[in-house]
Amino acid sequence: MTRYVIRRILWALVLFVVVTFVSYVIFFLIPADPVKLFAGRQATPEDMARAAAFYGLDQPFYVQYWKFLSRLVTHGVIGEKALGFSFVNRQWIASGVQSRAPVTASLVLGGAVMWMILAVPIGIVSALRPRSLIDRGATVFVLIGISAHPVFLALIFLYIFGYKLHMFPIGSYADFFNPPPGQAGGPLQWAWHMFLPWCTFAILFAALYVRMIRASVIETMNEDYVRTARAKGAPEWVVMRSHILRNALLPIVTMLGMDIALGLGGAVFTESVYSLPGLGQWAVQSLETFDLPVTMGVVVFATTAVLVVNVIVDVLYAVIDPRIKLA
Amino acid sequence: MRKRLFVSVAALATGLSLLVAASFAGAATTAAGTAGKAGKTGGTLNVNLSATDFDFLDPSLSYASWSWQFTYLVNLKLLNFPDKPRPEGSQLVAEGADLPTISADGKTYIFTVKSGFKFNTGEVVTAQSFADGIDRTMNPKMQSPGAQDIFLGSVVGYADAVAGKTTHLSGVTVKGNVLTIKLSKADPAFLSKISLPFFSAIPKGMPINDKGEHTFASAGPYYIKSYDVGRQAIIERNPNYTGSRPHNLDRIVVTINTDLDQSFLQVKSGQADYDAGGLPPAQVASLAPLLGKQFFVDTQLETDYLALNTSAGRFFSDVSARKAANMAVDRPAMLRARGAFAGKRTDQVLPPGMAGFRDEKIYPIAGADVEKAKALWSKGGKITVYMGNRGAALIQAQVLQYNFKQIGIDTDIQLFTSAVLYSKAGTKGEAFDIASAAWGSDYPDASDFLDVLLNGQNIHATNNNNLAYFNQADINTALNNAAVLSGPARAKAYGDIDVQITSKYAPWVAYDNRNERSFFSSKVDPACYVFQPIYAKPDLASLCLK
Amino acid sequence: MSDDLLVVEGLKKHFPVTRGIIFQRQVAAVKAVDGVSFTVKRGETLGVVGESGCGKSTMARCIMRLIEPTAGSVVFDGREITGLSRHELRPIRREMMMVFQDPYASLNPRKRVGAIVGEALEVHKIGTATETKRRVQELLEIVGLNPEHYNRFPHEFSGGQRQRIGVARALAINPKLIVCDEPVSALDVSVQAQILNLLKDLQKEFGLTYVFIAHDLNVVRHISDRVLVMYLGHAVEVATRDELYHHPRHPYTGALLSAVPVPNPELARARQQILLEGDVPSPLNPPSGCWFHPRCPRHHPGVCDVREPQLVAAAGDHRVACHFPLERWPMNAAEMAAPAASASTGAGTATGAP
Amino acid sequence: MALLDVRDLHTTFRTDDGLVKAVDGVSFTVEPGKTLGIVGESGSGKSVTCLTIMGLNDRRSASTSGQALFKGADLLAMPKNELRALRGNEISMIFQDPMTSLNPVHTIGRQLVEAVHLHQDVSRSSARSQSLDVLKAVGIPNAERRIDDYPHQFSGGMRQRVMIAMALINHPDLLIADEPTTALDVTTQAQILKLMDTLQKEYGSAIVMITHDLGVVAEIADDVVVMYGAQVVERATAEELFARPSMPYTWGLLGSLPRIDHDVERLAQIPGTPPSLLNPPSGCRFHPRCTYAMSICQSEQPPLASATGSETHLSRCHLDQATRLTEIKKLESGHFAEVT
């Protein structure tokens, strides 16, 4: 197990270097000069040279990349200065990640809970009653969920539930802990503000998961050991709980881990539309303003998150599925 | 398993990179509006700042036009533009100091700092407070854009200060309440420049910090109470303020990084009062019935134009081709692409409202004049056009393609995010013929248009603002001569140059001057609305609630 | 021209078990095939039997060079084929064909039968399109399918018919050797008989040589001239069919034979079964000495768990790898468990090359 | 009274292509403590027959008629709860593939204990000790240690032993074994058959053994049912069946089997392929493949009637007695292969 985890971490480091390196290369290929952000738009070549030298932006990209990597090592990945500072507002990236990651985490994890709450019962019912009204209804839901873009959904939700019905706030965030002065906060406000984003975020995945769970349950229902359980005289609910669900949801757990990690990507749209001060929104802005260090910071964080979630899921999977041995 | 991890990381990275897109539109400045009345005081204004954050609030670093709308509330300057609409709003008046006495050679400015101004902390504003502000901005450890040569490059000791050889600009001296600034050469635009937010009064011992201070004591009508990057800023009335500027509201709460569309709904429903980040383009037309009540439209000191690359060997090195382009482009269509109330058509470099501007009606602004264009240019050809890749630019690209086709010119349209567009077009030798651009000045002086954008002596290897690469000896000379003039002579000289450049050389196809469009909740009293022409934004200090 | 079409000497296939964080190193090997030698004469059928996991399929794939053997030599028609390059192997591939177990999985479902059967012809660039078509139709007729079904897809055929297609594919370019890997295991008895009869008929008609791998001793007996018994990657006994079935020498062969159900209740119930204990050990960690000793009823401590038996001649062409070969057959369990003393000095002590 | 009396059992599945009559009028009896072998090729309906009796068909697509009297009570008419109380308790079942018939995520101990708790109101420890006992009884070495292992840690033969243990744990009166040794090697098959035989003697259960292997039937069955095309085509004691098989399909089955105790150059082969149950042949279902087919065979379905005069020996065939006897003679003399 330890060996496995170490190997995964080493691989992740390799991937990490590849991903960040590619991002660096792309960034340097794009002819948008960050020095202008420091020196000002009427800067003379002398003004520019001064700023470039001050921030080390006059060095070739591989030197800058090397500095980026060594900063990560010398300051520790979570140290204040480890990720450098933004080209646009010069704030330390690490403190931005610190304040934004919880927002994204509440969105993604809450969304995951939401989509599982939606998908598990619908998936199971449509597996049990294929071609029934519920199953057909679920299929329609799946089609909508898969084809609707989160931005589109969010706009509709906000217009109907926020603007027209006043049931939910129109796109803003409330902190779970320590809200900024004068702003709503606390668990209730947090959940109230996050409800629409969760729904939006969850619908695509819920739709996918209904399909997956349905397929997985149907497949498991045809397994020989389910027949064995029935032949033992087990009542249907025991068969369902103990022999179908556990086995059918095993592959879902793996998917869930991967999708939660991928959800960081999906959070981009949802966060922007709902004005949630999370990592996704930040990443979009950083790309628009060519703020490389922020982009890198989010990439580093997201890569780490993907790695950690993947390792957790693999280990978890090995724990719940005795057939898997992590060598 | 390994593959899966790779896929997730790769998908994530791709997701991020697909989102590369940008807008870096040009900024700021002026027009008319109703005169603000002394309104009801008190109350909180909830402002959204959609799709962006402040770059900085720190006076030495703040440079974005939307940030200046707010720092205008808190900074105390030597001289300032008053909280009034045009024309008063564009005239510098004494603020922290009396109007200076200027030596005959134009090289020495003597300011007497007024007494009675206090920071919100109670600290008294002195001449030293202003000198400290200037020194802090010049300090290379601040890396301030205020240290650009174009601003205070003419002050004695500038080079040593920005090189870090000294922490004090030797041309700036303080004696009691007198602040003396010595220039190495006369600069008639100096008062406009010294009135930039970079050179505001700062409290004693304000830290040198290239990351900027989030909250700091200030001596204007308001001060920054809190600033949570990426989330929120709270601006409150300075209890010690004794000056004459209005300060009706008790506090202004700015929610940062909101979504433009949601924010619009919030303002409509009264959950917020104003979005400093702008309006969703599609919604603007629907606001027409509210014009003057909740919706206001004012002209900025800004020009949208197509820079025609006049470099030798390029298509537009031929002046007839440039003039033909000016005839061929359908200006109403170009403006329409920006939506309702977007601006006013023009054909000249200087925006109306800039001192010296006079409307000469040189090229057709009612629509394209294909016949005249053809008469000027019948050889056809093919041109490369750099355009933005968002919103209006996409429609404008089609307009241009059609307009040039009408006179037999094929266009190769290339779309870029604006940061890339400016960077590419700003590199000397880049193979393009037209670059779509916009310019609003940093300080209200015609030189900040003509000299910056069209003086051939300002062409560098990279990062050029002269995207037309226009380098005409007689114009360069005229510009250099105008730069040393002051008063009405200066205005007239620049006005002449504008007309001369446009009619004789036509290095641009200028097509519009943009409007600032502002929408307020019904809680805001329209009677208090003032458009500050220099900052080209609604004046929040004058604003009041019903 | 030698009488032997195929000579296999000391064939080994070890699958490495690797471990390592980034750089993998081998920590162990699964000895799927561990030193098997035999010959196949022209026109005969060599049956290969053994339980699942004994390495018979791996051996077949090594002979076909579908996988690379770890060691040993395979001489086909007088030519050493291990170590030949892909290019050098091409002409030989035409002469060795394979029929697989699963008629559902071994045919590409997206290809028409004509294309499947004619594939080898195209690969080896034999004949024009018309000639290929004619040959394919001829082949379909030979294996008892309707030549008109040239254009159908595999799923339109039953299991037995698909196995006929597999046979037709193997026959396409007149091979000398066909390796059949459990060709009838997946089929019902009535269909199994059809295929077995077909294979026999084809052998007569075209003088084919078969290596026929199966786990069913009845089937192997029916089709083979000689039989090789494998256990845990080793050949434990090889003899002519009648020798092997009438007088098995290896206890494992004996146990296998006694375990075969006989469709005759009287015989079945009268027979003394020799039940083996436990399962086949893992080839990752094979027992010491004789591979069979942990399950062997004649296991003689101190001999069987120490010395590895060699495959030596017991009588004529009958070779067996056992320290205490069976004296006679049939035998009951008690006799089985008590090897005659003289046996301990028999084949078991003989050393040297078989 | 027979332990199990199946009368005129019909099972029909609705499929996209139409109705499939998977079981079509099957009748047989199982006596207490005896073994009934059901033989037939794939698709002959032997597995569906047993699943129908157990009530394990997919209720949505299957419809059933007839009777299956277990100790006089009709299993098919019984309320679901009562049937469930019998399943795994008085009637239990083991399946063909031991690799997939155990739930891979539960220890075998848990699966055994579950089987106990479903039918007995006993403590955990008692259920566990029962499980341990039955594991020992089926010959799992180190049962104390292995009870907490997962199925994948067992070999195929060992898993089938576990399946048998699970089927026997509540001492059923009837054990239905659906091809229990088909997936196993011949040596393991012998072990399992031996084990079933031993356990049958010990527990006194009756066994229904479904298989396609006539050899297996000969080893353990007291009575045999031969199925073809969803119907019973021959029913006899094992001795009778192997000594005097009385219809061409059975002949074909026996003749097509390569045998260790017979030498034939060519196997008897039944031409053609098994019938489609979607659209079965008219008359005798075997007639399209039958070398003895007469015109009556195409039009009229032969009844299941006494074949050789014995009351226990029934078969479905229009052939006259004399012809049958001649053919049986040929079979006995070893020229059986020539029937084709």
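The letters A, B, C and D name the chains in turn, as written, and every chain counts its residues from 1.
Assume a contact is a pair of C-beta atoms (placed from the backbone, for glycine too) under 8 Å apart; a residue touches a chain by one contact, two chains touch by 3 or more.
Here the structure is a predicted model, which is why all the values come from computation and not from measurement.
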Inset, instruction - Determine which two chains are connected by the greatest number of contacting C-beta pairs. - result: A-B
Legend entry - Centre-most chain [mean C-alpha coordinates]: A
Inset, instruction - Give, as an integer number of Å, the spacing between the C-alpha centres of chain D and chain A. - result: 54
Inset, instruction - Compute the distance, rounded to whole Å, between the mean C-alpha positions of chain B and chain D. - result: 90
Legend entry - Centroid distance [mean C-alpha coordinates] between chain D and chain C, Å: 31
Inset, instruction - Indicate the whole-number Å distance between the mean C-alpha point of chain B and the mean C-alpha point of chain C. - result: 86
Inset, instruction - Provide the list of chain C residues touching at least two other chains, using ranges where the numbers run on. - result: none
Legend entry - Touching two or more other chains - residue numbers and ranges from chain A: 11
Inset, instruction - Name, in rising order, each residue of chain D that touches chain A in their complex. - result: 54, 56, 84-89, 92-93, 95, 97, 100-107, 114-115, 118-119, 150, 152, 163, 166
Inset, instruction - Over in the complex, which chain D residues touch chain C? Could you list them? - result: 41-42, 141, 155, 157-158, 185-191, 193-194, 212-219, 221, 238-239, 242, 252-261, 264-271, 273-274
Inset, instruction - Under the touch definition given earlier, write down the residues of chain A that touch chain B in their complex. - result: 8, 11-12, 15-16, 19, 22-23, 26, 30-33, 36, 38-48, 50-51, 54-55, 85, 88-92, 96, 99-100, 155, 158-159, 162-163, 166, 169-172, 180-183, 254, 258, 261-262, 264-266, 268, 272-275, 277, 281-285, 287-290, 295, 298-299, 302-303, 306-307, 310, 314
Legend entry - chain C residues touching chain D - in the complex, by the definition given at the top: 51-52, 158, 160-161, 188-194, 196-197, 200, 215-219, 221-223, 245, 255-269, 273, 275-276, 278-280
Legend entry - Residues of chain A touching chain D in the complex: 223-225, 227-235, 238, 242-243, 246-247, 250, 320-323
